[in-house]
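Each structure below appears as structure tokens.
One chain, chain A, links the two complexes that follow: it is found with chain B in the first and with chain C in the second.
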Partner chain A sequence: MTATADPRAQGTTASPPEESRAPLLSSRRVTAALSHVYIWACLLVFVAPFLALLGYSLTGPGGTYAVANFQYVLGSFGDNLVSSFQVAALTLIVDLAVCLPAAYALVRFTFRGRRLIFSILSLPLYVPGAVIGLSLILTYNFTYHISSIWGLVLAMAVGTFPLMLTPIVVAMKDLPLVFEEAAECLGASRWQAYRRIVLPLIGPGISAGLLLAFIIVFNEYLVTLFVHPPGLVTAPLRVFNLIRTAGLAPTTAALAVSLQLVSFVAVLIFFRLFGSRNLKGTYFV
Partner chain B sequence: MVLLVPAALLALLFLYYPLVFIVQLSFTVADSFLSPAGPVYTLDNYKAMFDRYLPNVLVTLQLATLATIVDLLFGFPFAYILVRRIRYRTLVRALMVFPMFGALYIAFGMRFILLPGGFATPILQLFGIDPASLLYSLPSVVFAMAIFTFPFMVMNVATALSNVDPTLEEAAACLGARPWQTLIRVIIPLTRAGIVAGMLMVFGWSVGTFAEPLLLGTINEQRALALTLYQRGVVQTDYGLSSAMGIVLLVIALLVSYFSLRYSRGALIE
Partner chain C sequence: MATVHLRSVSKLYGQTVAVDDFSLDVADGEFVTLLGPSGCGKTTTLRMLAGLIEPSGGRILFDDQDVTWLPPRKRNIGFVFQTPALFPHLSVADNIAFGLSVKGQKKPAIASKVEEMLAMVGLTGYGARLPGQLSGGQQQRVALARVLATDPRVLLFDEPLSALDKNLRDTLKYSILDLQRRTGKTAIYVTHDQSEAFAISDRIVVMNNGHIEQVGTQTDIYLQPETPYVAEFIGANNGLRGTIAGRDGDGDDAGWLIEALGHTIRGAARPGLAIGQEVVAYVRPEDIEIVEVGDGAGYANLLDGTIDRVIFEGATAQVRVDVGGREMRVDVSGNERLTLMRRDGTVRLGFHPVTVIPVSEVPEAS
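Presenting the complex of A and B:
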């Protein structure tokens, strides 16, 4: 967004002369107030499902407050949380191993068909989760004969690596070539230049990719429903199964709330460290 | 070029080959490809798609269309205010990530909100709506889907809007245009690409809807393709038919995404 330059321009054109002589209820002020109300109403609707679950997760039998529901999250749901973090961690490692070299190749080398290759690699983003899940479970069962955690991890990786690729490609493109050239003039090998110069400088882009992939993988239930190996149930899948079999329960809500809180904390940490600028061109504005 | 090999391998082995595999399966009878006599090829699965399962396709398209319309109606003003009037954009963006955590939580939360005696009961009664009628219904499915995809719509429209010079609107106002005239004659034509791209993107994401119809819909909404595909394929092991459903769903999603990318002019590699 080029919006960073706008506020100053708006400030000079809109507010000072009119507000000094405007009556208290000018149409401009009403519009401005309504705009804010509208934004906050929408945001409230976004957060409402979460708030409702939060409230519900705190209710005990007979309308009492019960933090005890959250003990389940670390107790009987503990295994699910561990598998979730495990799958997420392995997926992020696979994603990184795939995306870092690919982004370097796509940005630093010129060859025919680069755009085509980028499109081919981005396609997983546009394939519905149910289709990825179905095609993979059939292939795993009848061709690859995979039934370990890696089946799930690779399914997650193929669905999320384009998400990570985009911010890394953007960061590499924004990085001038001169730094690497200087390093190589001073005697660094290409690998040294990459590791010591490029990698730290595209750090924010990589972190943005990690954040996006983490949020998706950590909360993914649909592909997991299809391809999860026997005996391994991730936390979002547990939520899904519990809603289907046991209906609504405060403990289920507590698990869902915890998962969302973990994701939200990840987002907040990222915003704090890097700002939202590095998410440009991805899901976030 | 060697550097592209891991990415290419991952995509080939775990996306393209499986898709080719289900294309092949979609032309076989049920689970006949497992039989020692070899697969029995047929077109019946696709015939069924346009015959017995046509309502499923139509319901899927209906849900996606309605969710797209709701997103546009609420998303355009949201994006406009966000770009032109608001200083605390980072805060708004941080809160806007909540829907992206997953349709599952939204559907779960909304089911709880709509329960008799839930959060929404007093508000709905204020408008004279019976909350019990909403719990399992088309509007609540569409609403949950719209919340999930809202950020994508806002993202596309806001990007287009931030590329429109605000002075153009002021010029229109100076020349005597009413606000709605400015909207129709200036803002909408200039942001058309973003609006269309956003609508297509939301539509493409919505056709794969799964948790919302399952948790909030009636039997009718539960005919959505992704859900039927799961029932037929994994529960009833009719691999041929479910593969055909997968292919239909895939074709819809890819067609829509293709046009979305063409409109958004988002060429990253240039």
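Presenting the complex of A and C:
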């Protein structure tokens, strides 16, 4: 009887000590369980609407199951998807051409009003798409009417370049100056130092900017509505047009799902390339 | 390989003088160290030599070529930074190849040079690794190899060992010296570490507040300091304030008599001093011996004092002695350090006139 009263004494015998067994309902376990419930609830709330859309997009005539809707998307809305990709690609090129030199100048040169300029450059982030669209219509009409794709691309670039500028500026700021100095002392010109040292090292920042800008441009509806040239209808614009004129058809839902998938794939590619590898850990400075 | 000449080089940041009227000639193949505390302008001087900073005045020449306004890439220098600064996205081999490839050299020539350099710094077989896979010491050796691959005229070092631990510093400083000797390149090395400067330099430039205090060999600087700053910055020293009372004998090589601590101290002969001048007479702690009170023990200078405390440091012990209100440090070694620890009270300090260096209070330059 005395042996069972003292668990430590029991531990010296064959059976294991009692205190090694955790209680079934410890506060830690309860917290862990609640966290899981919370995360799954979040997932449900945010993903459920997408699942509803997915289900609807697979509905055929008379409530049957139909993959045909997606074949229809590629056939009939193919032009719209191509236009979206075109606009996105051209916008990203314009954004890059503006942001790479701007980020370098903002970080590497000290001049008066540098912070003010950076704040002003970020302004389009806080301006609603409708305002950007309206101001661009006014600008185009007063100067010259742009009927080509470039009017739209320019509008998209105005709205998205702060999204790309910010991550590139952050990456530039994180990059110690000593790498460029070392390159120049080894005989590299400023341009060689930029292309061979700076550009690869700010790669993650550039990619993050590209991803953000791509997703915004690819899915932008409002700005497109204002300044799209005649004959060019991007996929999101087509979705809204169809809903306005014909209501929600399963084929329209399929187009919307396709749009969503493109964004998902872009994010996946990004994390595959840059998510697992932490380049910052290799700076040793 | 080249000679390096700085002619009245200065650098101002607004009203702040970082480097002031800096003139120095470095011989071909010489190893010169700029030594001074942080903020003394040594790194600024080095960066002006590299072309990373433009001077506010003066000229810089490599041999006969005026490089004052040339960008770094046109100077053909090798700069080793405080951090290895290896390009993290390039392999060790590509890091070493960088300087050659930006100059448009052919791939086979680059590859053989890279192998040669890796062998030179003892890292053969490490070419394919990324910098992140090397230790700090290995990285700094790759940085050396990267610099030597371009066959620079001048090697510039900006405290290359300060980021490493002590054991590594000790071995790597001799590697640096060895590489410099083997390649015969002119080297200018910046450090705040006296032992580092003493170990590897042909000549040392002691800097303070943007100007040169003294240029000389290790023995010049340690034994014949020209300014109070040098005497106090290098090693430990006892400075006794006083005035020159007269000459200790006849002729120009006679020593000086210095009135200090209420005594007349016999000092070493030094040029440029005159009777009545205010001086600080410096005596190194290791040049003073503790002798029995009442005993002269053959020393021309004897001061009586009381032991304040004894600090045991292992191989040596520091004895702090109060001499007429002025604390003097005496370093003792051997058995004496053990006997002194059990002793207090009155002692007598003895030292020879040649060890007493009178230094003019006001530097001659100003």
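Please note the rule applied: the second predicted complex is superposed on the first by the 246 of 285 C-alpha atoms of A that agree within 3 Å, B and C clash if a C-alpha of one lies under 4 Å from a C-alpha of the other, contacts with A are read in each partner's own complex, and residues count from 1 in each chain.
Criterion: contacts are C-beta pairs under 8 Å (C-beta built on N, C-alpha and C of every residue); 3 or more make two chains touch, one makes a residue touch a chain.
Values in this document were obtained by computation on a predicted structure and should not be read as measured data.
Colleague: Examine A:Val153 and indicate which partner it touches, taking first as chain B and second as chain C; both and neither are also allowed.
Modeller: Touch status of A:Val153: no partner.
Colleague: Of chain B and chain C, which one touches more of chain A's residues?
Modeller: B
Colleague: Would you check which partner chain A:Phe46 touches, where first means chain B only, second means chain C only, and both and neither mean what they say?
Modeller: Touch status of A:Phe46: first partner only.
Colleague: For A:Pro200, is the partner it touches chain B (first), chain C (second), both, or none of the two (neither)?
Modeller: Once the two structures are laid over each other on A, A:Pro200 reaches chain C alone.
Colleague: Can A:Arg115 be said to touch chain B (first), chain C (second), both, or neither?
Modeller: It touches chain B, and chain C stays clear.
Colleague: If we overlay the two complexes on their shared chain A, which of chain B and chain C does A:Gly129 touch? Say first, second, both or neither.
Modeller: Only chain B; A:Gly129 stays clear of chain C.
Colleague: Is A:Leu232 touching anything from chain B or chain C once the two structures are fitted on A? First, second, both or neither.
Modeller: Neither chain B nor chain C is touched by A:Leu232.
Colleague: Please work out whether A:Val73 is in contact with chain B alone, chain C alone, both, or neither, and reply first, second, both or neither.
Modeller: Touch partners of A:Val73: none, neither chain B nor chain C.
Colleague: What is the contact status of A:Thr166 with respect to chain B (first) and chain C (second): first, second, both, or neither?
Modeller: Touch status of A:Thr166: first partner only.
Colleague: On chain A, what residues does chain B touch that chain C touches as well?
Modeller: After superposing on chain A, chain A residues 281, 283-285 contact both chain B and chain C.
Colleague: Tell me, which parts of chain A touch chain B in their complex?
Modeller: Residues 1-3, 6-7, 9-10, 13, 32, 35-36, 38-39, 42-43, 45-53, 55-56, 94, 97-99, 101-102, 104-106, 109, 111, 114-115, 117-118, 120-121, 123-124, 126-132, 134-139, 142-143, 154-155, 157-158, 161, 165-166, 169-170, 215, 219-222, 225-226, 236, 239-240, 243-244, 248, 252-253, 256, 259-260, 263-264, 267-268, 271, 275-276, 281, 283-285.
Colleague: Give the list of chain B residues in touch with chain A in this complex.
Modeller: So the residues of chain B touching chain A come out as 1, 3-4, 6-8, 10-11, 14-15, 17-19, 21-22, 25, 33-34, 74, 77-78, 81-87, 89-90, 92-102, 104-106, 108-113, 115, 118-119, 147, 150-152, 154-155, 158-159, 162-163, 166, 170, 204, 207-208, 210-211, 214-215, 225-227, 229-230, 233-234, 239, 242-243, 246, 249-250, 253-254, 257, 266-270.
Colleague: Would you pull the chain C residues touching chain A in the complex into a rising list?
Modeller: Touching chain A from chain C are residues 50, 52, 71-73, 76-79, 81, 83-89, 98-99, 102-103, 130-132, 139, 146-147, 150.
Colleague: Could you pull out which chain A residues touch chain C in their complex?
Modeller: Spelled out, the residues of chain A in touch with chain C are 176, 178-179, 181-189, 192, 196-197, 200-201, 279, 281-285.
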